[in-house]
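Encoded as structure tokens, the structure appears first; notes follow it.
Labels run A, B, C and D following the written order; every chain starts at residue 1.
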Amino acid sequence: MDGPSHSVEVTVRYAETDQMGCAHHGVYVVWCELGRTSMMRERGVSYSEMERNGVFMPVTRLEVEYRAAAHYEETVRIETRVEAPRSRSVKFAYEIIGPGERLLARARTDLACVDGEGRTRRIPQEVREALQPAAP
Amino acid sequence: MDGPSHSVEVTVRYAETDQMGCAHHGVYVVWCELGRTSMMRERGVSYSEMERNGVFMPVTRLEVEYRAAAHYEETVRIETRVEAPRSRSVKFAYEIIGPGERLLARARTDLACVDGEGRTRRIPQEVREALQPAAP
Amino acid sequence: MDGPSHSVEVTVRYAETDQMGCAHHGVYVVWCELGRTSMMRERGVSYSEMERNGVFMPVTRLEVEYRAAAHYEETVRIETRVEAPRSRSVKFAYEIIGPGERLLARARTDLACVDGEGRTRRIPQEVREALQPAAP
Amino acid sequence: MDGPSHSVEVTVRYAETDQMGCAHHGVYVVWCELGRTSMMRERGVSYSEMERNGVFMPVTRLEVEYRAAAHYEETVRIETRVEAPRSRSVKFAYEIIGPGERLLARARTDLACVDGEGRTRRIPQEVREALQPAAP
């Protein structure tokens, strides 16, 4: 995926660790969501407001490749990129970066656009525009 | 609290552990919710259906006293008791029991009854009846 | 993946839902873990004991394809299959099945075998044997 | 509790909401942990390092009083105060503040100090000093 990436940082919470002594692998899915919603917010798309208008964007596919562990209290950076949205779906790619610029994980998600009854619908025009890879 | 208690078992999940090597203390709150909703279901009250009818029961107070740790793969039993509901609120008490009948925690929650806008409202009559301590 | 599958059921918890009104997509990752550890336990492999012996099996790759939503209080079945383990890694495949035998999601995970310092190591022989697809 | 309070902000994550449309009540427990560990870190106590030295501080008691809901994307502030530590335990108090300085919840936790085998032990001297209410 090309285009600028959006950056957001998060500190690993104690509750996110498991008895292996590092962040549980399921937490990365929440971090990707954080990266994606943070990017949307920065581009002027409020997901809360979309939902109030009956537009939802559930994840339809998820892929994570884990490279290294993230530990409690470490600051982790989520780099999010978006691919040019199609009319009813959009793809995001993520890199989770740990201390010392170490790559902890790569991930990708596909999202669909649905209405309140779960039927696919077109992504609203202003959201499609905001999600262009080359957007600010 | 008097009256019969409702029992439900749960096995500690790996994702519920933290790096101290046992279930994170926040998980007990979810287990209490499990005990409470399981008791309601057994007594014929579907919380899903209540919500569809615009009746919600948020927790307004929570208290947990931790006695011993719960470990991954251990089976834990949640004993739930209910106190006679008032018109707009109800109290539950819980015991979390580990292997060998060891008491892991005691907890109490207060729940209010609200409508879709968050205003307190009366607990529906059939729910109040189902939640009598001496109910089956 | 061939071979018999292992089945385990789970009821969707209230805490697992999100404001879209169904189970959050991150929860499926925990359900897969549940399926996998339950299968291992049934085949006589205690993951707790492996860890006490300094053998860990972190997830190195994860893929989930979401088909339909799971709702609060619904019982969901996790079908887990294992692929013949290699010397240092093993793959699992999952189907998450909802009410009325509806397919909710398909998933795959790759796991590595590492020691207490995170270095890859051989899967213990008895674990490799227990994880043969054709095992009971 | 007297003494200065420590402030830390957190944005409500989508994964933290439930189908009632606001942050699940269990999440507040994680936010308190965030406030407490953030305060300790600011005062030069690394909980990670304490654990490496075999000193653990599990929660032994927890109390939360919920006043108002926190919604997705809202920024919430956690104000943490500490009470003068005793030799083997310490108490923290929290206020969770939402947009417009609205009080969302008050909470209290008691923590014990234990060694790697779970036996109570004295809080290390430097930790006791750092946790004095009047500390910087």
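Brief remarks on what is shown
Here is the rule we go by: contacts are C-beta pairs under 8 Å (C-beta built on N, C-alpha and C of every residue); 3 or more make two chains touch, one makes a residue touch a chain.
Since the model is a prediction, treat every value here as computed from it, not as a measurement.
Centroid distances from subunit C, each centroid being the mean of CA atoms, peak for D. Between the chain pairs B-C and B-D, more C-beta pairs are in contact across B-D. Separating the CA-averaged centres of subunit A and subunit B is a span of 33 Å.
Chain centres here are Cα means. That of subunit B falls 23 Å from that of subunit D.
Remark: subunit B and subunit C have CA centroids separated by 28 Å (rounded to whole angstrom). Residue positions 14-15, 19-20, 26, 30, 33, 72 of subunit A each touch two or more of the other chains.
Those residues of subunit C lying in contact with subunit A across their complex are 19-20, 25-26, 29-30, 33, 51, 56, 58-66, 69, 118.
Every residue of subunit D that touches subunit A in the complex is listed here, in rising order: 13-15, 30, 33-34, 37, 41, 46-48, 71-73. The touching residues of subunit D, when paired with subunit C in their complex, are 14-15, 17-22, 24, 26, 72.
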